[in-house]
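For reference, the structures are reproduced in the following blocks.
One chain, chain A, appears in both complexes that follow, with chain B as partner in the first and chain C in the second.
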Partner chain A sequence: MNENATPDPAPHTHRAESASGPQTSADGVVTHSVPTDEAVLSCRNVNKVFNVAGNKVHAVDDVSLDFAAGKVLAVVGESGSGKSTLARMLLRLMPVTSGTITFRGQDVTHIKGAELRRYWTEVQAVFQDPFASFNQFFTVGSLLRRSLKLAAVDKAEADALIEECLGYVGLTPKDALHKYPHQMSGGQRQRVMVARALMMRPKVLLADEATSMLDASLRVNVLNVLHDLKADLGLTVLFITHDIGQATYLSDRVAVMEHGKVVERGTTEEVIFSPQAEYTRRLLADVPDLRGSLKQR
Partner chain B sequence: MTQELAAVAEPKQASLLTRLNPLRGMNLSSRFWIALVIVAIVMLLGLAGFVYPTGSGEKVGSLYDAPGNGLLLGTDNFGHDVVAVLMAGTRTSLTIGLVAGIVATLIGVAIGLIAGFVGGWVEELLMGFTNVVLAIPSIIVLILISISLPQSTIWSLAIVIGITSWPWTARAVRAQASSVATREHIDVARLSGARLPEILVKDVLPYILSYTVMAFVLQVSGAILAEAALSMLGLGPSGTDSLGTQLHWALAFQAVASGAWWAFLPPTIVLTLVSFGFLLLQASLDEVFNPRLRRGKKKQMKKAAARRAAEARALAEAAASAVDGSSRTRAGESA
Partner chain C sequence: MTTTPAPQSGAETGVLARVSDVRCVYGGGEQDFTAVDGVSFELNEGEILGLAGESGCGKTTLGNALAMIAVPPLYVLSGRLGIDGREIDLATLNAADVKAHRPYRGTTVSMLPQGAMNAISPTLRIRSLVLDVMRAHDKNVAKDEALDLARDRLKMLEMPVRVLDSYAHQLSGGMKQRVITVISTLLNPRLLIADEPTSALDVSSQRMLVEMLLAMVEQRIMSGVVFVTHDLPVLSQISDKLAIMNRGAIVEMGPTAQLVEDPQHPYTEKLLGSVLDPTAETRRKGKEWLTGGSGLVRSATETAASGTSPSDTPKGATS
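And then the complex of A and B:
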């Protein structure tokens, strides 16, 4: 959403120019800068309250974010900070308690049925667990073909599309399609999941902790795949992680979440190298390989 | 030369055989095989009625003729051959058990799947209904329905038993389905555009199929006993022999008082074997699907731990000797 085009009633969203330095709103949100490109997906004042054994848990508290087209936005925060809940709401897998989600200027907060399936051809996701994401009773081929129904393409085009999408993640149909999930490694599975998400030729890809269960070498592999997709297909990526290192490696912009609230946001350079919020500093101090550089400061 | 070839070929063949035998990987216990043999014997008994020379309705003697004279188990109160009646009765009971088991499992799985997966008020509603059905004593419902039916056939009886015994299956399936519903592959299926029925059948049902099979086995054995109970009360299928009606006539014609054990003991033994066999089958299937229940597991684990410890010791010794060697060379270098 273009900040100038649409007036924003939210009190804490600033029309700050990046040159004027970070600004802190009344409720403590540090905003370094706002995206100048047009946002594909955005959420405004999104809340999620869970009822857990009679207690109300505010998992996502008044979050407003914009996802600029063709950019990578990383949402960083510790476990339980509401990142995944936010992602599931953006994917419309979970209803919002209040707030609106807008996709290309259209309100998608309460769409259903065919409209929702059309939304899912544009917004896709890769999840955390490459083991639980698979239905272990079906081959990779049937998983991909199933997703193709949503893409609505004919048979010949379907095979070409499968080959193309597997190609993006460095796999060939010959060595993937007939395999069952348990016959592949964790990295391969996660790449198959990325390929599946790409079948619909989406505009937005949500990667919810997509690399956290992979070991270091495979992690870089998947991160590079995501980066190439952004560069080659102009994909907008929402990268959710608890690892600031990965966020820095991949993302253009970073939003930091604590206890369901966004506490700081801006470009990667602004947030990582001149953090303002107390929580961001604490997160950065906990990163072992950045500690040296922070001490020099 | 040929001997050598054979020796080389043998292990290959063995590995091929083990690969071709899908049951090997399932680690079936001896319990399973005993249960299977019992169930198979009862089924054979039922099927043997087709080749047995005497029909179950044929009069071959008078009231309670004792075993002998070519009649292995004598005659019942109508003068029918007890063996022939037993075979026909076993067949009827198994048929009723199977049909009732299928009906109960279908209803239970459908309600449990939808309640467990969809959740919310749908779950409250369906489970509330299930609990109400569960609270009503099913034998009373069975009796009322059986009386109100104009004519009792084995099919109507099977269906009546089926629609009174599904609640336990529904509850078990609901618990399993609601745990599968939180798995990520369900989200992936939804994002792939799958609709609710497709998700239930393709993404939830396969994960709970083992429980469903076990519940089905229990339902079959429960339905056979329910049929026997109803038939003993005289509410059984009219004009058909079943294990229950056999007991009913034995009671009505004073078989116990007159000491005609051959009239009531054989159906009792077959009923006991059937329910014991199915229960044992269910328990052993539980072991197959749930490895933690496997017997002898502790012993195996102890053995494996001992083997690992021995391997680690050997490795440590090898490493120690290697370190000794390398430190010596290094010492030599520095000197």
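And then the complex of A and C:
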């Protein structure tokens, strides 16, 4: 049982499962339940303050979250709520202003050099724009082989690894390796990016709006790949999205962010089907309903 | 639907635009790729037509043809647009055709292209953009006149007038998209082609843009909209009619509610089945995938993954 993530200093931390119903802390954070599984990655009281032309922007405000092993945690919120900033800090691509990040019990907040490179083999990411993530002048094959430098494996092993990881996302070396990015569809490109991330055999995969640019059917396709990876490899997934519908489909747990703060969290059922925080309700109300029309109002 | 009298004489609540037999190919390579294959439809005064389909189905290409902004390697082989009692030949087979389209662009048909909000110059204020648009159509327009028009328009749509003095980076994504929508309709086009205007926005900004577009049609800033997107829930909110495109052709068209409730074509059903909304149904489907059950979602993705889908073709792969 890991420590509960509630940042408030009040003693009533919510260790209890949801049996006692959702709890609201002093600063308005609604916590339905806390994960009981062991956390692979966690962050405690993480803050990020940007200085923008003399103004301070508190992009991430005292966020504490746990990523339970083999589970999908969705972080949802509107643009500018600090989701991606949080992801960049967890990936150690951006320094934290304050707070700690722990990976398998080890403090990784300030690790450097070889240690950081080792961390990056364990925690991998897939970003929003599959086109921007590719070098246009390289084939998929050379892109994948280049990223294997980090793993330091020999050629035969590399080829086997590439084949294996392309297999996870439903591609074969024959139909992917010789292609240039522009010769693939958006869904294929994004699946290649997932395969690339998997080659490091990571424990944690951060998917930052990884499916937002794909159209509906391809989106489901990539979400199903993530579903399978969780089930087959026990991968822990941090799924960042503004689309609460995708979170409903994929995630085990949901954390809702607003203005850099986590305002509500719990299992998917708890947060989406009985939202308590006003912001979560608004977010749900803004989701266009396939069977409703703005015109009829 | 409200039936506010149209600014132009003639059509009161009748047909605004009649599009017939649009055919487009991407040429120049070893082989031509037919992106739009004989599309025809009618749009009534004050109507919003939703054009939906997966990436690569030709919806953006059709939008480009209608807005008369097709440039090689995209060629419009044939197609006619009947609007305001005129018959415009959409074909762009030679330079003369393209030149003949110039008077219609921005005034008769205006285009809100994909990702337009990211095309705002970072070094100019929004007001300069307004002037550029106005001057492109009337060299002698006075600065004050152009800005007054923009100010009035912003007020009318309950948007802050101060955005005119802002730079692009000072505006949020949703605001940029609304501003660019206002600018692209300054000349009161009869028909607006909006290509994926909501796709990069979060749900709250999407809703604001959709509400603004509805208000614009209501106030007859434009008389009709062709709204191109792969996002069916957004379309169901805004459009009167839906047209579902697959492989360059419209496979099903009808009133939005009817099409959503009772889809006739299997492709429409698949497309509707892959919509993920925050409902118990979506949750069930997600769990079903994990337990190996099959549902609408699985069948929809199999089409996408099998390679028979047009989205596996590189051309027009925009999502």
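In the analysis below, the second predicted complex is superposed on the first by the 277 of 297 C-alpha atoms of A that agree within 3 Å, B and C clash if a C-alpha of one lies under 4 Å from a C-alpha of the other, contacts with A are read in each partner's own complex, and residues count from 1 in each chain.
Assume a contact is a pair of C-beta atoms (placed from the backbone, for glycine too) under 8 Å apart; a residue touches a chain by one contact, two chains touch by 3 or more.
Because the structure is a prediction, the values reported are computed rather than measured.
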Clash-or-fit label for the pair chain B, chain C on chain A: clash
Touching partner for A:91 - first (chain B), second (chain C), both, neither: first
Partner chain in contact with A:22 - chain B first, chain C second, else both or neither: neither
Which of chain B and chain C A:260 touches, first, second, both or neither: neither
Chain B versus chain C as contact partner of A:135, first or second or both or neither: first
Partner chain(s) touched by A:150 [first = chain B, second = chain C, both, neither]: first
Chain A residues touched by each partner, larger count belonging to chain B or chain C: C
First, second, both or neither for A:188, with chain B first and chain C second: second
First (chain B), second (chain C), both or neither touched by A:82: neither
Partner chain(s) touched by A:125 [first = chain B, second = chain C, both, neither]: first
Contact residues of chain A, present in both the chain B and the chain C interface: none
Residues of chain B touching chain A in the complex: 183-185, 187-194, 202-203, 206
Residue numbers on chain C that touch chain A, as the complex places them: 1, 54-56, 172-174, 199, 201-207, 210-211, 214, 230-234, 236-238, 240, 256-257, 260-261, 270-272, 274-280, 282-283, 285-286, 289-290, 297-298, 300-301, 303-305, 309, 311-314, 317-319
Complex contacts: residues of chain A adjacent to chain B: 88, 91, 93, 117, 120-121, 124-125, 127-129, 132-135, 137-138, 143, 146-147, 149-150, 193, 196-197
List of chain A residues in touch with chain C within their complex: 78-80, 170, 182-188, 213-221, 223-224, 227, 231, 242-250, 268-269, 272-273, 282-284, 286-295
